[in-house]
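One structure, pasted below without further comment.
Letters A, B and C name the chains as they come in the text, with residue numbers starting at 1 for each one.
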């Protein structure tokens, strides 16, 4: 039972980081990028490949995943950020599907649909930390907390203000003398780097990685967490993550038969998403926002 | 007097329509110039061309004797040309103070600087001073979206001034503004003039322009019609005909 | 070789016709309501399932089952408009879009609960041999009907938009929502028409799709995603653009994979490779200026 609880905390921590990283580009900057999951996947594959092929450890992999996802996002941003609104949404959704196809077919690198096995558990100062142990929980919560502190500072910095201004009115931001394309690209790069860290955390927790990491349901859960909490609201993304994961576990708690657990979870997600849009379209946790 | 802005033969076509055609004029430093013309004469298009929010088909623009070529709009602001919009553009989800801070501080536009050092006390003081000039200092921590129409207009003007630009283009600063606020607008513009700035104004409110502008340029059908001091413009038969849809 | 090419062209045309029916509804909804309806694929799936229920479980003939299925799905479209999209019509376009994402996963789950994860089929395929495109090809009756009916429906939609009063009004609403009243049409009426027509076209696509592949709750996702690409490929809101985009995707998918130019593992990526390539070359879509809605 305690292991189940620990696993839930670890999953929540990883998703909280991923959701917060998405909140930076989608929520704060207003980039309707439906391909954010790519950066998570790139981070996860970076860690998995570096670990299994070159023996890189947990901490190096976090750095490498952030760096590689960030560089990837720079290219991605140069290609897509000239687009706006729905064009950006569909092009990036398409990019996520392309990523999934590449991960499935580039067998020599990713081992295709069979996935990568034999990933090492995190090792810090020579101590191996086992999954679902208290130490593992502490490690992951600490990493996620540290990265979230960085993100909090970024959200509330003058750069964060610039990103919010771009979301409000990009033309006005240009009229205020801001290079909005550069700011949007940096927002995407940073957001991707943090998603890459979340991906590395996922890899070193699950110890197995396959192309389903790029799947559509993952994208929808991510949108759900940020939108329910409140786009661009720092605390909203964290509370949104906790709420979504809690609701996702409910069917199992209630004791629904296995055959409909997935479906009933999706119905609850749908109700949460639609209910939020009707009741508080700016997110359920908008009361944490400064006036 | 020294020429600040020199616009030479600019043209803009939308499909087959000539919105601005072969339009030339120059503006001297530290003057207040008005731009008038009937609806659809191409005034706002001219503003968009000068500030590069629209690319021009032909012509060139010199500012402080430098050819502006194809610089993006944000870069022009760093050179010293700033503008307001006919349809007010402020940041409704940002506070009033943040709206002004945004154009005041360049130094934190890159995220790492923004991340490491965040002392904005100087900018905050400047923002407070600017907001007091238009009586918005009491609203500084409210969301800009909550301001009234007139207040939003003043905020947009202040945000534009805060860029520190030498040449400021106001698109209809007096439209829809009540008399007490109109006085604030006038004071704001006179202060700018006193500080050595150059102001270029599109306006339909003739009494306002008669009072403020030193010279008025008239446009008709995308073309230059005439240019003179306000009292002469008022009596010019060509201007009257343009407004009556004649010629 | 030419036999193969002819067959591939035919397969591409069938896929393209089905994508076009879905894309037509999407582009109309985008043009008038201003957002991409993510649950449009689930309307396709509902069309296939309701036809299957009437035809196989209730035992009706094909034609009455199809007509009844299309009519009931039109009602589904009207219900979605009335209860999910109308209340948020004046919000930021992100709001109806997010609601449609919610509807998409919700409807999939509902289908899953009703029909279970078992794969269902409508009928076994029977092929006819035809001579087309300079070679002998195999085509099922439903494929032939799909192509013929799709062309009729596309032509009908275009005529409807250009020749009828309500169609002209819809085009006016698409270019400016406030102008609707001037044309003597209420915005609510316009929305009902758009969602009704869109759902009807999607239901037709769903019924034919059910003859082509197995029925499963997520069957609408891939065709919807291809239709999104088609809509954007042809410039959002453009009817002609969406149709041409759909056939472009259907044909290139079939030919590129069938001729071995692209390995079959990459099939799912083809619409997006075309789409992203095109967006980089011509960001405003194949047909037109960006942000101009519903031009034919």
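Throughout what follows, a contact is a pair of C-beta atoms (placed from the backbone, for glycine too) under 8 Å apart; a residue touches a chain by one contact, two chains touch by 3 or more.
These figures come from a predicted structure and were not determined experimentally.
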Among all chain pairs, the one with the most C-beta contacts: A-C
Chain ID, smallest distance between chain and overall C-alpha centroids: A
Chain whose mean Cα position lies farthest from subunit B: C
Whole-Å gap between the CA centroids of subunit B and subunit C: 47
Euclidean distance of C-alpha centroids - subunit A vs subunit C, Å: 31
Between subunit B and subunit A, distance of the C-alpha-averaged centres to the nearest whole Å: 42
Subunit C-touching residues of subunit A, taken from the complex the two chains share: 32, 79-80, 82-83, 85-87, 89-91, 93-95, 97-98, 100-102, 104-105, 216-217, 220, 223, 227, 231, 259-260, 262-267, 269-274, 277-278, 281
Complex contacts: residues of subunit A adjacent to subunit B: 153-154, 157-162, 164-165, 167-169, 171-180, 183, 186, 190, 291
Contact footprint of subunit A on subunit C as seen in their complex: 30, 35-36, 84, 87-88, 91-95, 97-99, 101-106, 108-110, 112-113, 116-117, 221, 225, 228-229, 232, 236, 263, 265-266, 268-269, 271-273, 275-276, 279-280, 283
Touching residues (chain side subunit B, partner subunit A) in the complex: 51, 53, 72-75, 77-78, 82-85, 89-95, 98, 101-103, 105-106, 108-111, 114-115, 118, 120, 141-143, 159-160, 163
